């Protein structure tokens, strides 16, 4: 079995990214939506790591930054979710449609 | 002084304006923390002037950049006319945005150092977005800007709308970041570098042309930017976020984030990815088209001025995209000029909206503007100037800006875009004029309170803004010259680094990949 | 052969975890599946010679960040709101179509593109050489503190912003 | 200041118009003074009484002097007085030029003369009217424009007068504007006239395009060479001109305004709608005789329309009860005669009849005015609202107003063509030439119409002056003869109606000396036209279509007219009419004639109402519906699209993400596919 | 060079109303109108000497100056007058005092702003007529919309908002496309000569290919046609006229509409001579003009609202002007220009008159009146005179213009002239019934019995118009002489340039892009 891991990883990355996207579309819970986004970021990280192997370590640096950014995003994002929970007593994104049209 | 990045200090010099802003932010934050007794107490009034002073300092630092001579231009940070001009715009947005926001902060009892800190951090992000040439810096800068703005959007904790806006903006923003990042990854995967000066030469060398992955990367990168500048169909967050956010923040992000986004588009897409033009020109064309048509139509249906202005700001992104689509120095200059004008008028408009809306931002419906022109003549006049400028009506800067964009479109043969530009402007006349008619043609009922008198800072900002727009409309010569110079002054000046030149420019001649990794900033001294 | 086996294992775990995350009705289970996926991913990272990042993935991502998520779920007492969490059939279909479309499109483009560019055996060796000479951490740290000093410093600001922002947003409503 | 004889003496060598501008200026000044008076000293009757008539009499005096001068000089070519350049653009040069030749001189005499008389008469007639000053302003203004019309040396200046008199006619018909019908009549007159003016305008365009100028002299001199005889161009020009004439001179099909125009004060009817303005069409044809002479088709049309009008109007006149209506239709009929004359090429005869008609028709109108004046007074005294104009309310007036009675009979006999009154000579000449030039059918029509004329005029006289008085027992004592200021003009005109014809006595008549004064006088003017006509086969047959010479037919016609008068008189004098209030509308043929062949109704149904409907349709359907509808629809549609579009903004973040992903997919897909 | 031969007179003429506008804003509620009146009269007196100083017999632009303004784009403050614009400027300065004085008692709120707007409008209008730089022209052209929008919207009648927005949007449609055309023209010039310029004198020399001429001409023509207004883009006009306050209507009819015809004459025709003289354009415009003449008259005839009626007559009258312009003969164009002046005066006066009635009765419906002549004799007199001028009675100004137009048109397009001449009949058919129903008949409405005749101020407002009606009617010479040289030169220029229009692109053709398909072709 001659598996090209790199290519397979790229495909996996695309798959995870797509799953994240689908999750964003299919879930109502803001936290899970956010988790899906995290999954997407991780999917990209996977791609970057694949590329770093053949193209240079910059990609890994980028992955590192992505993780930092993800942490920051998580902090702020969860704070936002807490804040909105205080207003709505819930995190169902479909209920947040005071602003529309 | 010659800035050739021969020492790491040169990076400091090159980033001086950003550093000044960042330091100001930190100082504000620290002083505020120490000065304030209780967390719920408002900050001392000198925090505002301090921040303004810092920003003015940054402006000066930015101006100082103009005096530098920059021979080598393959650093992460571009020191070129475009960046300096963008910095001026962003700093202007920050200064005016802050001046406008003081009244709101005081009125709502939310005047805190954090607010100013967040604004300043966002500004740092914005400035870097227009100034960097490296995809990694781009990503971090865009996140710095975005996260600050997410927080600012949700800044008004008492407001349900504010929270909702923040959540939507955040979720959408994070989602879009994923695409942006994927785009960066794919671009990296196809050209092997995050430094776009190399990307450019790589593509030009032909190794990456016709690479579908590059296309996907460019497309996703563009999608990420399109989200930030709220181009249709990636604009859907905009009306909600703009409407829900505290109004001064709305103005700030409408002006600043958009400016930064366009700076990134211009630099990364049209300049650095110029060899891949075939990948993105169609996308931008359609984005421009849709972004002019859709929001202008949707704005017609709005009866809330703030939301209407939100749609209008999307529409302006469409006009700006015409300048981008023109893909010429003229187009870039036009975009730059229009951004400056747009910033002035958007900031002003949103500021007036919050003034009219009163405590708690409760009255921003069209009908709340009835009789405003007669009750507050100066405010009304200023708003008229802003609205006319938004509509692109002479003799305001908005008109000159649109004319500039039009000429760029015509010059590039983009007649369809040009005509769409004017026709959608026509549609926009209706909803801008509707505000004017509410302000002047209809009587205010007794029950409608007269908006309070704005404070000094606000008055100063509004008068300067309105006057500047009129001056830009009547005597735009200086602005045009600046824009034209800045629009042409984008590294790489000679478009592409010659084949073979790129490796030789690298000081450490170990192996190609390593040198790629380290060549982004010229080697610091060890 | 071994490599392929482990790769497939991790990949399946990651993909399965991801799918289960979006399919699981309970937020806590979702979270756990995601953590699982992250762990599996770190395994893939290892196989791709990104040892340091694999560690960071486990420690920071799966460990710290995900725990933060868990805290919030618990804090907001969302553990049992299963009924409302998932969208209806139409939305699922849409998500399926969109997801698979996106996957197909990106995968196709990547697949085609990968053939075109990733052939550089020479640079691959250079990267490997770099990792060998400096170690997994060093290879990453060097550019991080030299070439990427600017974004690194920016990250500091970013984290500060995140802290301040979290404080601003999450503190109790003003009286 | 030169003395008059000296002026005349000088004029001997070559005729130079004397004080030409003053002829125009005096009435204009009169109009302005009276106009100012109408606003500022409304109660004052003295100033208008003096200024109004004086202005016209002054003009008349100048005209007489000029006439004498011209007679002395006997110039061949017209004298042109250029005042200033009116319009000058491109190749077009139009000067305010006045042309003094024999034709215009004759017209000047008639116009200013009759006007003078009527102005004087008006002083009496309009004395009681609150709009006295305004009345004289209009009347003076009318004279001013009429003189311009007559004196214009080019089409454009003539047209100024042409429309000017139309305006004054409009103003004077609607003089009693508080009466809605009167005001309407004025409007009708103006609009109908405008239709004619349209023809005049087009004719001018054609002339300009083909001659590069509108000056009469140049055009007439160039015409024979520039245009083909009988060609389309000259035919078109003349037909369009004639369209103008039918409007101004109340010919078929545009005659309908004139009977309604009787709404104006009676002196106005006498001056404008009998003696002067309505003859402008005849004047114009005579003036452009060169062109008409070159267009045989147009000539035939003119003559035929004239004859038709003469007969049609005469038939209607027989059944009218309003004294002024009878006279109005009579005028239309007589104008028809004049057109027959100028149509067949007997220009002098046409002008001759124009002149005599001015006398006797003015006389008749003024006479009827006297009757109405008396009737009005009587009714006024008893506060009756009966119609003083209706002949059924009159009768037996000869007892109360003998002078009027006598003078009107003179007028009646004159118009009926009884020898040796003015009408006999002029009308006879027309009828004769019609036959002699070979227009057999027209000749017959003209004869019949002549007999009808005698009939309806006698009917008028009988109903008004003979028989029993039907004014009403209480009103009857108040009937009186009119004051001297009114009957003296009647007397003057009566005299003129008698002697007016003696300027032109044909050779053929036995006993009488042949007089060619008029022919000779007008000869230079019509010479070119006559030349063209004769060159193209016009010849005097010297006998009527069914034989017999001029003298014989003159005799026959005058005898026939006399017989008709006597028969009518005898038939009607003992008949009793009921007062208007008790009468029923006539039926049968009489009804049709009474209703003027229903032509007004026909026009209403076929032209006016459909047009109004069309216009309303244009407004409601095209403008408000189609154009505005589509524009408003476009706007509403745009807004609706905007509204619908904004509905996509559901407020749900998942929707937004869906569009986001869709966008991404579309972009990626286009590359893949 | 005296002051009146220098450009200063024009510059001052531009700035004076602007200064007046500012002064009005700062003046008190009651003083504003006096300030405005004095300013406008001063401007009129300032402009009057131009009439005599103007050198006739030369098409040269006089009082010319070109001061660099926006160097980047080759934009300059270029102003000057030739015979055509001279008359337009004078018309503007003549109408404005009338309009302002006519508003004295009509406007009862926000006076300072109102008069400031009027004066601002005046600046814009004068600017349009003297600008010889396309940018400057467009600036004034658009600037005019704002004060007018306010004037209609704030001080207008019942449906003022609808009318204001309709007016604004209608006009804007055209102007925006014109802007694209201007930019294209500038760009073409740049491609040809390598110089960016907005100067009229430069651009007019640019040889534009025939096919491009049609596109660009259409854009210009639409802008101007809407302003004229030409059928079928005229429907903004009745609404705007009816809803605007008297002064607004007066200015709209008196001056603004002329901007359209002036635009054709000054810009659209010489710029795109080939297109403007091509059969398809000429016949289209002639047809639309004819429809305007006839149809405008028809629709006017059935209006129940006096002001609307007059508004529709504008459609007819401007139809005449357009007919004259595109008949392309010296007579007709001069007639057209004169008719522009005439229409300004006559229709302006008509609107003033109707405004006076409206002030007294607060209705404009014809049926509400009747017998006005009895109670307001001087008013009636003025009304009749103006009405007669409007229907083109000889001796009034209306006739001279129409006659020249028709006779000139007849030379090139006889059928059109004949059809247009029927407009003369219809003119009587709409105007006289209105005159009759308003002025004549018995006074039936008690309210009408109480009306007072127009007073001294109103007479002073009307007298200049009445005087001009007669003066131009009997002695139009001085006015025609002003324009003759310019018109002849223009005609020559058009003819010459029409024949020289390049058939093939000289590298100056407009490029029209295709809608790009997303992505790229693989091949």
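Details
We just call them A, B, C, D and E in the order they show up, numbering each chain from 1.
Here is the rule we go by: contacts are C-beta pairs under 8 Å (C-beta built on N, C-alpha and C of every residue); 3 or more make two chains touch, one makes a residue touch a chain.
No experiment lies behind these values; they were computed from the predicted model shown.
Touching chain B and chain E at once are the following chains: D. Taking the CA centroid of chain D as reference, the farthest chain centroid is that of C.
Set against one another, D-E and B-D show the most C-beta pairs in contact at D-E. Here E is the chain whose Cα centre lies closest to the centre of all protein Cα atoms.
Chain A and chain D have Cα centroids separated by 97 Å. Taking the mean of the C-alpha atoms as each chain's centre, chain A and chain E sit 63 Å apart.
For the pair chain A and chain C, the distance between mean C-alpha positions equals 7 Å. Put simply, the C-alpha centre of chain A and that of chain B have 25 angstrom between them. Residues of chain C found to touch two or more other chains are 87, 91, 94, 98, 102, 105-106, 108-110, 114, 118, 120, 123, 126-127, 130, 143, 147-148, 151, 155, 158, 161-162, 165, 167-169, 173. Multi-chain contact residues, meaning those touching two or more other chains, occur in chain E at positions 169, 517-520. Residue positions 136, 139-140, 143, 147, 150-151, 154, 157, 166-168, 171, 175, 182, 186, 189, 192, 210, 212, 215-216, 239-240, 279, 282-283, 301-302, 430, 513-514, 516-517, 520 of chain B each touch two or more of the other chains. Chain pairs that touch, as defined above: A-B, A-C, A-D, B-C, B-D, B-E, C-D, D-E. In the complex of the two chains, the chain C residues touching chain D come out as 87, 91, 94, 98, 101-102, 105-106, 108-109. Residues 135-136, 139-140, 143, 147, 150-151, 154, 157, 160-161, 163-168, 170-171, 174-175, 177-178, 181-182, 184-186, 188-189, 192-194, 239-240, 243-244, 301-302, 513-514, 516-517, 520 of chain B are the ones touching chain A in the complex. Across the complex, chain A meets chain D through its residues 21, 24-25, 28, 33, 93-94, 96-101. Touching chain E in their complex are the following residues of chain D: 38-39, 84-92, 96, 156, 159-160, 162-164, 167, 170-171, 174, 177-180, 183-184, 186-187, 190-191, 194-195, 197-198, 201-202, 204-206, 208-209, 611-612, 614-616, 618-619, 622-623, 627-628, 631, 635, 666-667, 670-671, 673.
Note for the complex: chain C touches chain A at residues 1, 3-4, 7-8, 11, 14-15, 18-19, 21-22, 27, 30-31, 34, 37-38, 41, 44-45, 47-50, 52-53, 56-57, 60-61, 64-65, 68-69, 72-73, 75-76, 78, 81, 84-87, 91-92, 94-96, 98-100, 102-103, 106-107, 110-111, 114, 118, 120, 123-124, 126-127, 130-131, 139-140, 143-144, 147-148, 151-152, 155, 158-159, 161-163, 165-170, 173.
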